[in-house]
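Here come two complexes built around chain A, the first alongside chain B, the second alongside chain C.
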Partner chain A sequence: MPVATALYVVTPIALFAALYSVFGYAEYEGTMLEVQKIFYFHVSSAFTAFTAFAVTCICSIAYLVKRCVKYDLVAAKSAELGLVFCTIVLTTGPIWARSSWNTWWNWEPRLTSTLILCLTYVGYFILRTSVSTEQKERFASVFGIVAFLNVPIVYYSVKIWQTGGLHPPTTTRSHLAESMKHAWLVSWLALTLIYASLLKLNIGFSWAQYRLNKLQARTYSN
Partner chain B sequence: MSKFNLITIVVAFLTFTTVFNITRQPDIIVPGERIETTVSDILGNDTQYDETEIQQIVTQAIQILNDGQSRRLKYLISAYFVVWLILMLYIFHLSQKQEQLQTELDLLNNQLQPDKAKEDRKGI
Partner chain C sequence: MVYGVAIFQTPMIAFHQALWLVRKDLSLHLRSKNVLALVFIFSLLVVLVFNFAFGPTPLPAEDQGRLTASVLWTAFSFAGIITLTRSIEIDRAYGGLDAVRLTGTAPSLIYLSKVVSNVIWLTLIQAAITPVALLFLEALDQVSWLSLLKLIVVLAMGTIGFCAVGVILATMSVRAGGESLLTVILFPLIFPVIMAGAKCTVSILTTSTIGNRFWISLLVTYSLVFLSCSYLLFEFVIEG
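For the complex of A and B:
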């Protein structure tokens, strides 16, 4: 079975397993009760976004080394998906915060750095659309590498700026109950598979579009 | 949007709501008499507690939990709805892209092989 087909078959199964483990298997957290279940998709989306941005960074380096258009294409599409997952984080977060902290938004380190991360990748796409074709890939690759530096800052923001922020420290996950830990891992796997499936699909379309554009240019020039 | 995409979205949404409804915690419904007998059972013959007062406190606590549940579920559903909506909008964007690609391909095909394209359209 080709990898793509396997991916498209496994992803819905994993998503179903994640929903079941979140709502049917994981126990309720004592203080927040049902609302805590936002955690499974909120944190998993954040980790998936980090993965997507890491792929962008790696492919950007690969492009600068090998100058192969395919790497630039993967980098751009991965950043696009990273932005999608980052948007999920930034919208589910305030909903959870309103219920647990009684506020929609707070300019604490984790929230602010995540917003900056999101805006940085918006800038990545603005750059891609505003620079001429010859230089676009090169500039975008450099930007893709530099933008990734934000990811560890977001992850360790709670540790770096210990100013009484509302987010718990990064070690919280290791104190979770076993059933919660399992549900979180399944959710993370499901979202990573969704990311991989959508990336595969998007790269396919974009590669076809790239080849079509080349063909059109050649046809019209003749 | 293609029929296949629409079906996928509907099926996925229905699956989510089914799983959510099957597995969500049932409402806390405890009748007043049940509270009375439970409190009496726990206290037994201990006279240092005011039984009526404890019953009132327990009833109030259950009421607070009950009221809070619908509020908590509202936030939970909103968050999962947002996750769903963002992913669906992205899939919709991809399907639009596919349609656009198909149109451009047809256009190019028409220009390169006008006769063949006519036959393709007729389904020959």
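For the complex of A and C:
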């Protein structure tokens, strides 16, 4: 419990620190000005979504090995949050693309991979809601593992597909100024903490719901 | 029993079991002629729809190659979904899968034999449909026999990747939403296969070569990764 309390206290502080570092500390980019500020939340959301799906994969493996419902709950809730962060990436990405390249969508590899990732995990939830309780956990765990294995393959293939050769252009990460790098790291930390807090809260609710359902089923069967 | 004999006997038994399962699946495919007709007609309809959409005016060679690749891969993806679903459904409806499991056959072996039988069956269907599709798309005259052979090899390699993921997901989806569910959960996972297959197809149709070797390596890597992963996970799908 103290760990959870600490998490709930630190998260808002980190969020305010991120807002300050993005809007008050980091310098403005020369050509894009304010629009460049999207970068800090866009990239951090992508990293957080990736972390969330990694947690889903690990918990899916743990469920198949241990057969403990709690692992499946964590996997499902983490995938849910991963989808939320994917939606942030897919919303901020086109805004960035419109300002930067004068188009809402230009099949940029990372954005395209995120779209495919998002569709994959929508499939994860469709599968979960389509099958009965006992099978749901097993099937979702298998899908959670297979889906995560596909992430690097999709990313790499989209990258080559978009650039058309084996030598894609280098990223602009090295061009970031020091203050921008610091602001990005703080934003990333803040979003990861938000993810951890929401996950903790969600697991608590779901576990209570699960136990209530069990209790109700037992009461009615008696 | 001498240990050495057991060591050599186990792979041989497994091989024979897999062979019988593949034969069983292929004869089931052969007997369900309505599915064969459905897949064939469906693929032809896809070709016709695309043809009508792009009009009777001939396209430049590069665009014609792209159109043909899109048509072929769209037709084969949906034909694959129908075939996979029916292949698992037949087994499930008549208790075939349970009966096979009662014989003590390893689940991973059941998975491998399903992949092999579906790859053989889909490749045969593709080999039959491809020339007809090329004929309707007015591309048959531009393709040599060697290019046609290369095209079928690429389609077969794509089919291995497709079936590696498809068999495990179809086994899950037949217990719930069937074909509609399989379409939604399978397509995002096979984008790399479609991407690589379509790129190779365009290259074969326009230059008669495979083109960028990356796409062939991607097809091989994808198939290997998902064959090994699904080989290990299939047991969890069919238990209970």
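We adopt the following convention: the second predicted complex is superposed on the first by the 199 of 222 C-alpha atoms of A that agree within 3 Å, B and C clash if a C-alpha of one lies under 4 Å from a C-alpha of the other, contacts with A are read in each partner's own complex, and residues count from 1 in each chain.
By our rule, contacts are C-beta pairs under 8 Å (C-beta built on N, C-alpha and C of every residue); 3 or more make two chains touch, one makes a residue touch a chain.
Bear in mind the structure is a predicted one, so any value in this text is a computation, not a measurement.
**Q** Going by the contact rule set out at the top, does A:V142 touch chain B (first), chain C (second), both, or neither?
**A** Touch partner of A:V142: chain C, not chain B.
**Q** Does the superposition put A:W161 against chain B (first), chain C (second), both, or neither?
**A** second
**Q** Counting only touches as set out at the top, which of chain B and chain C does A:S45 meet: first, second, both, neither?
**A** A:S45 contacts chain B only, not chain C.
**Q** Should A:N150 be classified as contacting the first partner (chain B), the second (chain C), both, or neither?
**A** Touch partner of A:N150: chain C, not chain B.
**Q** Which of the two partners, first being chain B and second being chain C, lies in contact with A:W104: first, second, both, or neither?
**A** In the superposition, A:W104 touches no partner, neither chain B nor chain C.
**Q** Pick one for A:L212: touches chain B only (first), chain C only (second), both, or neither.
**A** Once the two structures are laid over each other on A, A:L212 reaches chain B alone.
**Q** Using the touch definition from the top, say if A:G24 reaches chain B (first), chain C (second), both or neither.
**A** first
**Q** Please identify the positions on chain A that touch both chain B and chain C, taking each partner from its own complex.
**A** None.
**Q** List the residues on chain A that touch chain C in their complex, please.
**A** That would be residues 64, 116, 119-120, 122-124, 126-127, 130-131, 134-135, 138-139, 141-143, 145-147, 149-150, 153-154, 157-158, 160-161, 165-166 of chain A.
**Q** Once bound in the complex, which stretches of chain C touch chain A?
**A** On the chain C side, the touching residues are 165, 168-169, 172-173, 175-177, 181, 184-185, 187-189, 191-192, 195-196, 199, 212, 214, 218, 221-222, 225-226, 229-230, 233, 236-237, 239-240.
**Q** Note which residues of chain B are touching chain A in the complex, please.
**A** 12, 15-16, 19-20, 22-25, 68-69, 71-73, 75-76, 78-80, 82-83, 86-87, 90-91, 94, 97-98, 101, 104-105, 108, 111-112
**Q** Spell out the residues on chain A that touch chain B in their complex, using ranges where they run on.
**A** Listed in rising order, the residues are 12, 15-16, 19-20, 23-24, 28, 32-35, 37-38, 41-42, 45, 81, 84, 87-88, 91-92, 95-96, 98-99, 194, 198, 201-202, 205, 208-209, 212, 215-216, 219.
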